[in-house]
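All chains are identified by letter, namely A, B, C, D and E, in their written order; residue positions are counted from 1 within each chain.
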Amino acid sequence: MTLSRTLIVLHAVRTLAAWAVALLLFFPLGWMLLTAFKTELQAIAVPPVLLFPPTLENFHEIHVRSDYLLYARNSVITSVASTLLGLLIAAPAAYAMAFFRSRRTQDVLMWMLSTKMMPAVGALVPVYVLAQSSGLLDTRTGLVIVFTLSNLPIMVWMLYAGLREIPPEILEAARMDGATLWQEARRVLLPLSMGSLASTSLLCLVLSWNEAFWSLNLSSAHAGTLTTLIATYSSPEGLFWARLSAASLLAIAPIVVFGWFSQKQLVQGLTFGAVK
Amino acid sequence: MAYLQLKGIEKFFGGHRAIKGVDLTIERGEFVVFVGPSGCGKSTLLRLIAGLESTDGGSLVLDARDITQAPSSKRDLAMVFQSYALYPHMSVHQNMSFALQLAKEDPAIVRQKVERAASILNLGSYLERTPRALSGGQRQRVAIGRAIVRAPKVFLFDEPLSNLDAALRGQTRVEIAKLHRELGATTIYVTHDQVEAMTLADRIVVLRDGQIEQVGSPLELYDRPANQFVAQFIGSPQMNVVAADQWAAVWRPQAPAAARDGAMGLRPEAVSVVAPGLHPVEARIELVEALGAETLIYARTVDGAALVARQSARCAWHAGDAVSLSVDLAQAHWFDAAGRTVRTVH
Amino acid sequence: MAYLQLKGIEKFFGGHRAIKGVDLTIERGEFVVFVGPSGCGKSTLLRLIAGLESTDGGSLVLDARDITQAPSSKRDLAMVFQSYALYPHMSVHQNMSFALQLAKEDPAIVRQKVERAASILNLGSYLERTPRALSGGQRQRVAIGRAIVRAPKVFLFDEPLSNLDAALRGQTRVEIAKLHRELGATTIYVTHDQVEAMTLADRIVVLRDGQIEQVGSPLELYDRPANQFVAQFIGSPQMNVVAADQWAAVWRPQAPAAARDGAMGLRPEAVSVVAPGLHPVEARIELVEALGAETLIYARTVDGAALVARQSARCAWHAGDAVSLSVDLAQAHWFDAAGRTVRTVH
Amino acid sequence: ATEIVIATVNNRQMIEMQKLTPVFEKANPEIKVKWVTLEETVLRQRLTTDIATQGGQFDIMTIGMYETPLWAKRGWLKPFQPDAAYDIDDLLPGIRGGMSHEGKLYSAPFYGESSFTMYRSDLAKAAGITLPEQPTYQDIAHFAAKVHDPAKGLYGICLRGKPSWGENMAFLTTLVNVHGGQWFDMGWKPQVDSKPWHDAIGFYVDLMKKYGPPGASANGFNENLTLMSAGKCGMWIDATSAAGSLSDPKFSKVADTIAFVRAPIAVTHKGAGFSWSWGLAIPSSTKKEAAAQKFINWATSKDYVKLVAETDGWIVVPTGNRKSTYAYPEFQKVSKFGAMELKAIEAVDVRDATLPKSPYQGVQFAAIPEFQAIGTEVGQQISAALAGKTRVADALKAGQRLAEREMKKAGYTR
Amino acid sequence: MTRLLPRALMAPAVVTLFLWMIVPLCMTLYFSVIQFNLLQPDQRAFVGLENFLYFATDPSFTTAVLNTLLLLGSVIGITVVGGTAIALLTHEPFAGRGIVRVLLISPFFVMPTVNALLWKNMMMNPIYGVLAQVWQAFGAAPVDWLTDHPLASVVVMVSWQWLPFATLILMTALQSLDREQMEAARMDGARWLQQQRHLVLPHLARPITVVVMIEMIFLLSVFAEIHTTTGGGPGDASTNVAYLIFKQALLKFDAGVASAGALFAVVLANIAAVFLIRMAGNSLER
């Protein structure tokens, strides 16, 4: 039974190591979480305070100073809308590539990815001018369009990989059963691609939510998202770390929590999304 | 009048001519089996009939209607795929009723049809499960059930049993045969399994390299193959074919003139193994396979010809034994140098 | 002395007792086949021997060494997996030499061994390909080759042919048999295929529900099954078993007393179909399957018993014909109510 | 209702203004005010992109003394139109001048600032030092050396080190000024490699290496404010606007002991302290000028100062724009720094801030469009020197080259 | 019909992406050959390749290119190696694996700006930062990360963000590893490390390509982290190409030079991508 004893020890070591790594990687976030509930003086205390009566003062201050709900709403609306719009455009393309493959499919995919290679800042002036002349500056619509376009290649790519996992015979079976293209898509394809749709959406949601450059530069009073809220606090009059932490926490909390809950989906979807 | 008619069907994949002008007529209610080596175009032909591939030439007529250009969904055919292609997100019931729902059939009738099919296929107690929760054989039956609820003009089966294990395979084969008798539906069936082809078919179509080699009833093909290819393709263990230079001296005079530089074919049951000296063809046993009910004996003649004999009695021979072979030359098939059967009168 | 010895092997999966105290001795050079219905524990037993699962009881002795606790890598066994489990990124050569390389074998010897294995398996010209570029049969041979280069103490095969199509299967089976004859290696082989079991095995082990039902040579099991389960499991088409209440009147007197409330078993070749009236057992034909060399006739007696008859001649019967059945009761097997064989002396 | 969008920097005074907006909206029910509050550098990027492309996203922009004359010259701004109640002559003349172009006020100063020396009087007392009202940099070095005690987490002096024209170069330009240096000579030739620069930067790097906090090269105004308020620094020379926060016990550990003297001098007193003001300006792309003018009139008025005082107390009122603010006795009572700040601001002349004559205006910057780039590039070099990555001489040589490159590209020099 | 349909379905994506690429690209091309400073919009003379020349002769140019590649290389290296290690560590079930996974992937959801602020202020600050406290607790002098190791600090931040991404993908990829292959290797006598080296790593080749490709796209344009923390300094020690362009565009407001820089970045990205994409393309297709 010596064999299984070493196995148990090994297992324990592995468990500990995994937890250690996880806690280490999570530590900065956890620290921020703590700081958000400190007072400013506690936040910069040396050595750091670990036990303290939590205060909600920072959150209150943020609430008074800026319309958190407006920013949050903009973030939700723009990221959700751009994800949906992206799906609407990307899904048919991915479908076509996955089920009507041709020699050029691979090239088109690669070309799509390559459109993401121009640094955003290099295109700022052209895009700004375009947005301004089409009246899309500081509108959620404008942001949605830009987010959608910049996420589109990745969406097509992930969906394509996901759809390729679906055996074409199932679609053919539906066709033999008398399904029209639309029925085939809605009643067979859609339910089958739920997993990859979900993971693709989640990834794009995260990317849109965290998009800082365009949201900062193309919005002002009405369409600003939570990333612009951060720009309000990122270097206030003196480094108000506690307040900064609180603001950051508010900015990332929705997406982190959402990410936690959909973690399983992400793991599953990605399996056949990006990899297989 | 022919029910389903293929006229000069052609199919190219890029530059590759996969189907080379196939003509075939199938009667209403007939059970036709396509056989042929891997890559010969069986599936492609089936998919052309189903409308899953577009034809590059020729025409298809079904029940006096030209369907060459009709989309699959309008052809009124049902297909059972090799991989079943069940809808994984639907229950068995939904899988089977999907086509009827699309056709906007009255729900009461749908229920009735599905239940009838389920009872034929013994699926009654699985109707609410999803395919994931079914065994291979059950999935297979669902796939068939999905086809039969529709009462289509023609059933298309593409190697439907190849994913099953031997036992289940035999069982399902019998079920398909029974079903065909009961429903009397026109059926086209692709398989590479001997037993399936022999037992199910009214007529077998032997394909090779995108062309039809021979069409006929199973025993017709077994007994009167048009050429060596068909002869060797039908029957298991396959027909012994002995090239002219390995013939025993006693066979040579019997050979028709046209076969002199060809080959002789002998079904394993036309060969029997007897004690040495009893017959002029001396041989040595290489392997004996006792299957219980029958025994396969692999022997090699002094002329170098490898022959398999099949006998239904047990035998006492062992590998290495010297024996002589008794061959029923009346049952021999003769092939000319090009492999075509040389007809003899007997 | 036994080469490989299993003593009271037990295996639990959670609460489920998958292997229930299996005892088995295997001689050096023997070819042992495990058969049994799906889920009976064939793979598990093999994996226990391989050390891929840990035993929960009992011990394993190989070549006089207790290997119950030894890790797989130290047992000196080679396993051929159902899915081949080839290393997809390695060439055929690398696949075959991997184990030797890990064992730090001299490269020259490695090359020599691999080449020898490749020539035995006819893989010589594929050595530089990756598994992706091989056909199913070739992959199968690589998997075998990977095992034989190591010259292990015991070969373990887990349904190695189940992924192949019928033709290739027959071919590979013959190759495995030849290989075993040439190498004389001790082999344990799991299969659910009748023909493989019958033709390959020195001894067959019939498993059921984690226990051994019977061990014996193929013909022993075919002719003298220990019980109804083994009787029906061995042989294809399977043995006809007629429960006592469906016996024809003429059979009843012949039955041993112990079988009176049991059943009678008849191999299909023990049944023949003759014109009505010739024999007292009246029946009606339900289905005739002509396989070319032989014919299977499915009939139902007036007492309701379904019987399959196998005959090597063609027949003129058709479904629906009234016939009578001639049964060779000397070949009948008798089972008591619990399914145990009732021995009769003949 | 008319909706106006105001872009502003996230400084304390602006946030106060944002909080008081409802008062304005109540008085002017036809106007709704929307705020975009951004960090200074981001704000500058946003505003420049918008105004240069005539984006028209903002109706009021918060801009400083640097942008105002440049943008006004381009015609990008509308002149400020004071209403009858607006006492325009109350504005501090130096500040007003800096926010004007061709005599017209284009950006109404919201608050103004200069720079001065902030130090811990308790440490000074303990070390037995008294700083004169007008210290020299030698006094500063002496003080820093005396109080420096890193073992206790106390550093002699904190100064800006973060590279940017608005960060380290703002302070360093005043340091160069008092050492008799300038950015460009009358022929627009960059002077970065000149002796006054070497003297000033050499002194600075030496001082900071000896008595500065670790990581000084990443410290800007905000970081230093945090350090100072946490009691980590003995002294700090920076904008007068920091004084308010440092005096507020809620944020500052050193509120009681903080003390102020003038910005230090060396070979000259010219250009020793900043002259800076944030003001509210109206881009010409706006369609809501009337409402915007109204808001600016309100936000930069005397009444606004009183409103802040009434709401939040005198300690937080915006200063540095109006003389009258300093005259309130209530203000004088609460602010220890008020008098010093007024002196500092009045002492500066943005048109005459360097010992040799300069072609540009501005104390801690040169009001030409290219300055942002040049200032930042040179700032990076000096920051590298401060971090010990290069030597001062090499940094200045490299800075000189970079400046020459920019000036050549812009067509000032051939 | 079967040829039209896929085209019709792909059209929206292809057309929008084409426009999204071509319009800014053309404008960028145009801007790159004229003199165009946002602050002096009236002077728009044609200058030919002067902008490119100006961008390429920037004293920081070489450093920036090197830093870009260094950043790209080290982050990809860290995330791939770290991700593989973590994925292997968490592959088999253990107590609390679900929570561990959640903790592990959390950093991926953090905005780049927040990430930078968090590390700069709360972790790496040499006086109050957690790292400084830890160093002091062990009696070592705190390291001034952003000054002394600016590029390494940026690498740490960016890696922290992307490590979860790599972990996630590799974790899921591991699940598709064929169990029988591993068992075959065990039977072949491979020990744990040998199994990882000969089987697991080759199996992960494809997901690793995916990780590398996606990361490359995002890493080439990292500048928020640099801007927020080191400002590209000290000197140009942490300036990368994206930041250099950023400086041209939003500090000097020189749209001409910025455009030239952007075009250069496209070229750089494509050079970096060409062999990568080939590799990825092949491994994706197999």
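FYI, a residue touches a chain if its C-beta (ideal position, glycine included) is under 8 Å from a C-beta of that chain, and two chains touch if they have at least 3 such contacts.
Each chain and its UniProt protein: A = Carbohydrate ABC transporter permease; B, C = ABC transporter ATP-binding protein; E = Sugar ABC transporter permease.
No experiment lies behind these values; they were computed from the predicted model shown.
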Seminar exercise, completed: A correct list of chains touching both chain B and chain E reads A, C
Seminar exercise, completed: Busiest interface, judged by C-beta pairs in contact, is A-E
Exercise. Rounded to the nearest whole Å, what is the centre-to-centre distance of chain C and chain E, using the mean of the C-alpha atoms as each centre?
Worked result: 56
Seminar exercise, completed: Expressed in whole Å, how far the mean CA point of chain A lies from that of chain B is 54
Problem set entry | Cα-centroid distance, chain A relative to chain E, in whole angstrom | 16
Seminar exercise, completed: Check: chain C positions touching at least 2 other chains come out as 71
For this session: Any chance you could list the residues of chain E touching two or more other chains?
Result: 2, 38, 127-128, 250
Problem set entry | Touching two or more other chains - residues of chain D | 45, 49, 53, 153, 230
Exercise. Which chain D residues qualify as touching chain E in the complex?
Worked result: 45, 48-49, 52-53, 70, 74, 153, 162-164, 213-218, 227, 230, 232, 369-370, 372-373, 376, 380-381, 383-384, 386-387, 389-390, 395, 398, 401-402, 406, 409
Problem set entry | Partner chain C, residues of chain B touching it in the complex | 38, 162, 165-167, 170, 174, 177-178, 181, 192-195, 198-199, 218-219, 222, 234-237, 267-269, 287, 289-294, 310, 312, 314
Seminar exercise, completed: chain A residues touching chain B in their complex are 167, 169-170, 172-180, 183, 187-188, 191-192
Problem set entry | Residues of chain C that touch chain E when the two form their complex | 50-52, 71-74, 77-79, 81-83, 85-90, 98-99, 102-103, 132, 146, 150
For this session: Could you pull out which chain A residues touch chain E in their complex?
Result: 11, 14-15, 17-19, 21-23, 25-29, 31-32, 35, 44-48, 89-90, 92-93, 95-97, 99-100, 102, 106, 108, 110, 112-127, 129-130, 149-150, 152-154, 156, 161, 181, 206, 209-210, 212-213, 226-227, 230-231, 234, 239, 241, 244-245, 248, 251-252, 255-256, 259-260, 263, 266-268, 270-271, 274-276
